[in-house]
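Here is the structure we will look at, set down as C-alpha cells.
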Amino acid sequence: MELFTNQILAGISTGAIYACMALAVVMIYQAIDHLNFAQGEMAMFSTFISWQLMQWGIPYWGAFVLTLVLSFAGGIAIERLLFKPLAKAPILTNVAGFIALFAIINSCAGLIWDFTIKQYPTPFGSHPFLGSQLISTHQAGMIGVTILLLIGLYFFFQFTRMGLAMRAAASLPESARLVGINTSWMIALGWGMAAAIGSIAGMLIAPVVFLEPNMMGGVLIYGFAAAVLGGLTSPFGAVIGGFLVGIFENLAGTYIPGVGNELKLPIALALIVTVLVVKPAGLFGRPIVKRV
Amino acid sequence: MTAMLNVRDLRAYYGQVQALHGLEFGLNEGSMTTLLGANGAGKTTTLRAICNMVRSTGAIEFEGASLAGRSTENIVRLGIAHVPQGRGTFTTMTVEENLQLGAITRRDKAGVVSDIERMYDHFPVLKERHTQQAGTLSGGEQQMLAVARALMLRPRLMLLDEPSFGLAPLIVRDLFKILGKINREDKVTILVVEQNAQLALELADTAYVIETGRIVMSGNAAEIANNEDVRKSYLGY
Amino acid sequence: MSAIQEVVTEAPVVEAVPKRAMTLGYGTSLAMLALLILVPLFVKNFIIFQLTMLLIYGLAVLALNILTGGSGQFSLGQSAFYAVGAYTTAILMEHGGMNYALTLPISGIICFGFGFLFGQPALRLSGVYLALATFALATAMPQLLKLGYFEYYTGGVQGLVVTKPDAPFGLPMSQDMWLYYFTLAVTIAIYIFSVNLLRSRSGRAFMAIRDNEIAASAMGIDVALYKTLAFGVSAGITGVAGGLGAIAVQFVAPDAYTITLAISLFLGMVVGGVGWLPGSIVGSAFIIFVPNIAEGISKGLSGAVFGVLLFLVIFLVPHGARQVAIVAQQLLGKLRKN
C-alpha cells in the first residue's frame, strides 16, 4: 500500500510538468480549435532564450520576465507571419504547417545551442519538500506556479473585457464579428498567450529533464494527452488531466509487468484513449452534441 | 430626408452561384423598412452582403461612406448592428455576458452599465434570467436577447434577419411593438427581413419585395399591404 | 437547469474531392505509365532503387489517402502497419524460406486484419482523439518489436537481414531492376483497385461518412462496418508496401519504423493533395527527395531548411499537387479553345 501511495505522490509531482504544458495546449485550442504540434518546441526555444539571457549575466527572475514578454511577442509574430496566410487553407494543411514549424525550431535550437545537455537553475531549490523524499521543493514550486497560472487564467477569461472577447471569438466567430470583435487578432493573441504559458512550462520543466533541444518531445505528447483527458474546453480539466497522466504513467511503469521506460508512453496513451471511448469529451469538457 | 444606406447594383455570390443580380435600394434615416420575399429570394444574402459576410460586388454606402473592402467587424463599428438568422446567441455565456459583448467596442463604461439597465426595462424577462446561460432561454427570449445585444452597440442602423422565425404569434407581436418603440424613441433606423409579410407590413413604413435576387416592388408599406394583386403575386396571401 | 451542451454542426475535417477529379485523365495516365516503364532502362542501379522506394512510399501514401481523404479518418499510425507488413515478409522469407512474392499477399491480409481490429475501438474517436490513438499505436510499435518475447523471430533491436531476390527465369536484368518492375506491377494493380474501390458503392459510403457521418448513418449506411473496412484496406495496402520496402532495403529493424515515418506519410498525403490518388506519388517524391535536398543545402540546419521548403509548398499550393493539376487542366482547356 505504501508503494502505491508513493507512486501516486510521485505521479503528482511529475504530473505538474504535464499540467503546465496542458494549460498551454488548452489555451491554443481555445483560440484556434487545433492542437499545435510545435508548441513544445516553442516552449523549448523560449527556455533556451532564458538560459542564454542568464549566461549573459541577467538574474533569474529578470530573465524569466523578459522571456515571457519575448515569447508572447514571438507567438503573435509566428501566427501573423506563418499561419494567418493559412487561415483559409484546409485543416490538414495547417497541421503540416505545425510540423514544418516543429522542424524549423528544433533544427535552429540545435544549431545555436547544440545538443549537449545543459543544467538549468530552479528558483525553488531542490531539497526535499517538507521532509518528503518524493516531492522536492522545486516540484512543489511547479505545482504552485501551475495553480497560480490556472487562477490567473480563470480571472482573465471570466472578469476581463479581453477575456470575454476571446471567449466569444472562440465560441462563435461570426457572431463575435457582428459585435465588432476582430476575430483574427483574437487568434493572434491566443497564440501569444499560449507561447507565454508554454515558456513558463519550459522554464519549470528544464531543471528536471535538463535543457536540450529534444527535451519537450515526450512532454508535449503527455501534455496533449492530459489536455484531451481533462476536456479540451477546460483549463481546470487540463491541470487535473496533467496530474492524472503523471499518476497513470507511474503506476503503469510500476505495476504492469514487462513495461520498461519505453512502453510507458504508449500505455499511458492507451489508458487515456480508453477513458475517451467512455467519455468522449474528456473528464471535464462540455459534452458535445453533434447535429447534422 | 437623406438616404442613410444606399445600395447600388449589388451582386452577391456563394462560390460560383450568383444569389443577387444587381440589387438597388435605399434606406432613409429614421425609417422602418421591411424586405420581403419568398424563401431563397435573397433576403438574408442582402443583409449578409451589407456586412461583408458574403462575396459581393457593387456599391454600398452608409451615411455617405463606402463600405467596400471593410471587414465585418469594421462595418459593425461604423454603427450597423446585425441580428442574424438563428440569432447568433453566445449560448455558453450568460445573458448579461451577451449584453456586455454587444457593447464590447464601446469605451464608456458608465454608459454601458446604464444601457444594460435600459435593456432590462425594454425586456424584463432578460433581467429575471440575467445570470442564466443564454442557451437555456426559450426561442422568444433568445430573440429578445439578440435584439438587446444589437442595441447595446448604440447602432444607427439595425438589420434584423427573420426575427419572427420559430416564435409564437403573440411573442412576435410583442417583439415588433418593441422594435417600433426603438425606432421612434431611440431613433434607430431599422431594416427587417421577414417571411411573415402581414406583420412586417403592419410594423414598417416602407417595403421592398425581392424575388430571385432583384427588387421587384417597392413603396409605402400600407399601400402594398392594401394592394391585393401585389399581395397575391409576391407575398402569398 | 440543464448543463449546457455545445451543439456542433461539424464542418468536415477533410474536404471533399469531386469524384471526377479523383484520378488523372486517360491521356495523362498513359503518359505517366510510359515514363514509369521506360525511365529505369536508362539510369543507374542506385537511381532505380530510389524509384522503387518512390513507388513503395507512394503506395503507403495512397493507403493513407483512402483512409483520410476517402473515409475522413485521421491516422498518424500508418508506420505501425508498414512495420507489421515489413516484419511479416522478413520473417516469412528468412525463417520460413517462403518465396518473396507469396509473402506480400500474406502481409497484406495480416495487416488488413490488424487494421480492421484497430478500427473497432477507433470507431468512437475522431479528429484529434483519433490522432492521439493512432499516435500511440505508432510510438508503441518500435517498442513492441524490441520486446524480448519475440526476439527469436524479430531479431530484437538489430532486426533481420532480408535477401534480395534475383530476376526469375534467368532474365538479363539486375536485382534492382527486377524489383522495380515487380513493384511497379504491384503498384499499378493496387492503384487500379483503389480507384475502383473509391468509385464503387463502398467508396461512396466512405465519402458519405467523411462528409457527414450522422447523415450517412441516417441514410442507412453501416457506418461502423465501412469505417473499419477503410482502416482495414488502408492497413492492408500499407502492409504490402512495408513488405516491398523490406525486400528493397534488405533489412528490417524496429527503429526504421518510428513515428517519423508516420508523420512523413502524413506530409506526403498533404503535399500530394488529400484524397487525390495520383498525388500520392508526388507526395512520396517530396518525402524522399526533399529531406536530401535540405541536407544538401545546409547540413547543420537541414531540419530548418526542410521546414521552410514545406512552408513554401503549402503557401503556394495549400491543396497540394491536386491544385497544380487543376490549374494545369484549366490552362490546357483554355489553350484548346484558342
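For clarity, chains are labelled A, B and C in written order, and residue numbers in each chain start from 1.
Operating definition for what follows: a contact is a pair of C-beta atoms (placed from the backbone, for glycine too) under 8 Å apart; a residue touches a chain by one contact, two chains touch by 3 or more.
Here the structure is a predicted model, which means the values were calculated and not measured.
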{"item": "Per-chain CA centroid nearest to the all-protein CA mean", "value": "A"}
{"item": "Chain pair with the greatest number of C-beta contact pairs", "value": "A-C"}
{"item": "Distance between the centres, which are taken as Cα means, of chain B and chain A, whole angstrom", "value": "43"}
{"item": "For chain A paired with chain C, centre-to-centre distance based on mean C-alpha positions, whole Å", "value": "31"}
{"item": "Approximate Å spacing (C-alpha centroids) for the pair chain B, chain C", "value": "51"}
{"item": "Per-residue overlap in chain C, given as positions that touch at least 2 other chains", "value": "4, 6-7"}
{"item": "Chain B, residues touching no fewer than two other chains", "value": "92"}
{"item": "For chain A, residues contacting two or more additional chains", "value": "286"}
{"item": "Of chain A, residues touching chain C in the complex", "value": "34-35, 82, 85-86, 88-93, 95-97, 99-104, 106-108, 110-111, 221, 224-225, 228, 232-233, 258, 262-263, 265-267, 269-270, 272-273, 276-277, 280, 286-292"}
{"item": "Chain B-facing residues of chain A, complex", "value": "161, 164-165, 167-168, 171-172, 174-183, 286"}
{"item": "Residue ranges of chain B in contact with chain A within the complex", "value": "51, 53, 71-73, 76-77, 81-82, 84, 88-90, 92-93, 97, 100-102, 104-105, 149, 153"}
{"item": "Partner chain A, residues of chain C touching it in the complex", "value": "3-10, 13-15, 68, 121, 124-125, 128-129, 131-133, 135-137, 139-140, 143-144, 146-147, 149, 212, 214-215, 218, 263, 266-267, 269-271, 274, 300-308, 310-311, 314-315, 318-320"}
